[in-house]
Amino acid sequence: MRATPGRAGPLSLEALVSRLGGRIAGDAGKIVQQVGSLESAGADQIAFFSNPRYKAQLGDTRAGAVVVPPSAEGLTDLPRIVTDNPYAYFARLSQLFNPDRELRPGIHKDATVAEGARIASTAEIGAGAVISDRAVIGEGTIISAGCHIGEDVEIGAGCKLYPSVVVYHRCRIGARVTLHSGVVIGADGFGIAEEDGRWLKIPQVGRVIIGDDVEVGANTTIDRGAIDDTVLEEGVKLDNQIQIGHNCRIGAHTAMAGCVAVAGSAKIGRSCTIGAASLILGHLTIADEVHVSAATVISRSIRQKGTYTGMYPFDEHASWAKNTALVRHLSELADRVKSLEQRLHDKEKKNG
Amino acid sequence: MRATPGRAGPLSLEALVSRLGGRIAGDAGKIVQQVGSLESAGADQIAFFSNPRYKAQLGDTRAGAVVVPPSAEGLTDLPRIVTDNPYAYFARLSQLFNPDRELRPGIHKDATVAEGARIASTAEIGAGAVISDRAVIGEGTIISAGCHIGEDVEIGAGCKLYPSVVVYHRCRIGARVTLHSGVVIGADGFGIAEEDGRWLKIPQVGRVIIGDDVEVGANTTIDRGAIDDTVLEEGVKLDNQIQIGHNCRIGAHTAMAGCVAVAGSAKIGRSCTIGAASLILGHLTIADEVHVSAATVISRSIRQKGTYTGMYPFDEHASWAKNTALVRHLSELADRVKSLEQRLHDKEKKNG
Amino acid sequence: MRATPGRAGPLSLEALVSRLGGRIAGDAGKIVQQVGSLESAGADQIAFFSNPRYKAQLGDTRAGAVVVPPSAEGLTDLPRIVTDNPYAYFARLSQLFNPDRELRPGIHKDATVAEGARIASTAEIGAGAVISDRAVIGEGTIISAGCHIGEDVEIGAGCKLYPSVVVYHRCRIGARVTLHSGVVIGADGFGIAEEDGRWLKIPQVGRVIIGDDVEVGANTTIDRGAIDDTVLEEGVKLDNQIQIGHNCRIGAHTAMAGCVAVAGSAKIGRSCTIGAASLILGHLTIADEVHVSAATVISRSIRQKGTYTGMYPFDEHASWAKNTALVRHLSELADRVKSLEQRLHDKEKKNG
């Protein structure tokens, strides 16, 4: 949940801790008015430290205050807030100092709204947006300029659609969902059947169902189901340029980094993380709490939680060329090793 | 070709077979009114079975009827239609029960159409669409909300452009072509020449030419040619987020899954299939009927039909790390094996 | 810099050389009126030759004239322009014969421009474009149909935004920048912090800053910084469907082919080239003049200029399956080799 609109003024660490919890070390009266990074924050900004890899930056920072874990409390003399999860704390601080812009309820004169659409009175519809027949838009939801909402779509309360989002007919979107520009929800899944060397289209008559508190990054596409629905459960977070195929189900609170592709009918568990540019093949099942590293192809189901990786190592070009040529001859190499083992065994037997 | 608009009412298997062919086993009078999946179909729905992997689901289905191949005729007692290609049959059934929505000919009052554009009288132009000078739009073609059709573009009859498609100037699109939201046809190819450490742009003056019955998925991009044209032949099917570089030629009835990238000037044959997230490098030629697996990089031309693969295997992270470290030392391993062979050979010679 | 609008008429080689430099061999009076490829140019077109791989096409060409390097001067009898960098020369020729279309200054009646926006008098704003409050648009800049320019955005002079580009609030774009359709500049970076099994959003309050003479291909996304800015320095060239994460810095004159992904906070040097579909992981630093091959995952910083590769080789499916199965057992193979070495060593010691 985001802070109520209205930017927080300058606040002392004491005031921050009374709102957000944590413990102060050093000057509790220190006033800050914005968050910043260790690298570039100034004296009126508060930064955070959690990754020991950035210890040098903690030493050099010109931030006025810093959020640290108990283990790092002694690493700096700056006024500091001590908390077990500095990154989450920083998220709340940043929400406090950077609230969403205020809502401007109403339908822009240059929007096109079908007579049969039902728009909540506190919703905001931007210029050039098109809301089709029987679409329902919830309270406090922003449909920005140039969005297109198809027929019979339902969008819950408190959502934010940035400019140029398309939601195809009949899809359903929960509450507090954010869709960034260029997102396409509910385009046809890739369903084709071969017949005599040509492709017949399978009409895609399922929907996309998106739960509450989901966020979807720019230019990501989520296809409608072929017959049944494609489902994103609550709290799913997708980065940019992700492709979700038809009939997938993505479990609650799973997060995917940019450029991931999930082929049709994959079922992904809850609280998974999928690294950038990975590919999940179709019709697989992935357990809860599975972590897939970047650039990894998941080619069979994963039943056990854990971390799975399949990145091919890069190298200087010449080394790469020499080693990679051998990949194509690995089975011959293995045969040669086997033959050596046999010959040596024979020899040992003979010579004792 | 899709069924004529107007949803088919409930129909008996007998009526279906008289329209679409096939043979009935069991109750020919069984009435169905929609398609469904084995998993979720109800008593008034018809499902299909073709992959033996789903035999258990055939046993458990609550569908009212099912389409099966002759080899599976005995696996169920349900009323069934027997046909050699159940998936294609199912496609036709689904088209029958789920026809395209009816056309609403005319130009929306909120569209912007240049005076010199030629729009067929049965075409449908949505709100916020922009049709530029000298563009030609064919009979029964739908240009949805927010599409932008450039100058001198020609689009054939019976096409469907979903919201927010962009077609750059001078491109040509055949008949019965479907373009999903976010598709960009005819943006500049990536043509740059280095001079004194800077990049000079090569104007991209070719076009994109798209044949009949092509379908292109959401957010896919197809670049215009540098001088000559980029060509997609008839019946090509592209899924979402595919990138086709300038001057490519994609042969008829070739299908590509999501997130494929084809670099410039690649020539791909007819009736190929390219798996998700594969990459075809530039200036290559690929024969007809080549099948490329998912996540495969094609780095040289392929002259022979067949299936080609280059997926790197994933593993539990610790195993992966151990094995992958060795990939960078494969040539040393091969040298050690060679040296062992030599030493053993010497020994065998000496000791007999 | 592009030639001034107004297409050059037919010109003799002599006239071309007097404008663009180079030396003529053969008929200096030869007249050409357009560029063409070796493969398809006609008698009034001029082609170029630089890659020895296309020698056969130089022999067969029906072009009227050709641009060649000194080393190829003797390979043809055609009227020719000899220059050290034929490809750059060709770029200038093509710019001469194919100037940008003329500017049509003014705001289209179907555009939506906020009162507080400042639009230069020579700028061109297309139908359906939305320019938000306090945005600034420079002289001679084209904002095409359906673009959305957010609040407080600044766009320099001589830019060209093709239809359906979105620039989020507060981003800054230099002069002579080209953004192709579907580009999204300044969407939120992927900043989330875990707390009790849920994700908290880190507000993304940095900007995107784009230098002069940058070009960005269709459907590419460049995220705003979390706190500090995401920066593309001058002369950067990005192809289609690239993803640039928050807080990245891309050095001047670096070029990236299609479908590259750069994760957050990566710092890439000047004059680098990144091949198609490569992935640069986050928080890395890459030196100037680094060349990354296609389909390569860069998983640690690169301090030395050079060429780096990590493409996994493809093969016929059966061969691939046999060899790839062994990748998962490489460490066992290495252990077996080590054991053989030991046994043979023992034997040699014993038997002499």
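Each chain gets a letter, A, B and C, in the order it is written, and its residues are counted from 1.
FYI, contacts are C-beta pairs under 8 Å (C-beta built on N, C-alpha and C of every residue); 3 or more make two chains touch, one makes a residue touch a chain.
Small disclaimer: the values here were computed from a predicted structure and weren't measured.
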Could you classify the subunit B-subunit C contact as same or different, where same means more than half of all interface residue numbers appear on both copies?
different
The angle in degrees, nearest 5, through which subunit A must rotate for its Cα atoms to match subunit C is 120
Suppose each chain is reduced to the average of its Cα coordinates; what separation in Å results between subunit B and subunit C?
26
Per-residue multi-chain contacts in subunit B, two or more chains:
128, 146, 164, 182, 219, 241, 259, 311-313, 315, 327, 330, 333, 337, 340, 344, 347, 351
What does subunit A use to touch subunit B in their complex?
112, 128, 130, 146, 148, 164, 166, 168, 182, 184, 187-188, 190-195, 197-203, 205, 219, 221, 223, 226-228, 241, 243, 245, 259, 261, 263, 279, 281, 292-293, 296-299, 306-313, 315, 319, 322-323, 326-327, 330, 333, 336-337, 340, 343-344, 347, 351
Which positions of subunit C touch subunit B when the two form their complex?
2, 35-37, 39-41, 85, 87-88, 90-92, 94-95, 98, 108, 110, 126-128, 144-146, 162-164, 178, 180-182, 215, 217-219, 235, 237, 239-241, 253, 255, 257-259, 271, 276-277, 294-295, 311-317, 320-321, 324-325, 327-331, 333-334, 337, 340-341, 344, 347-348, 351
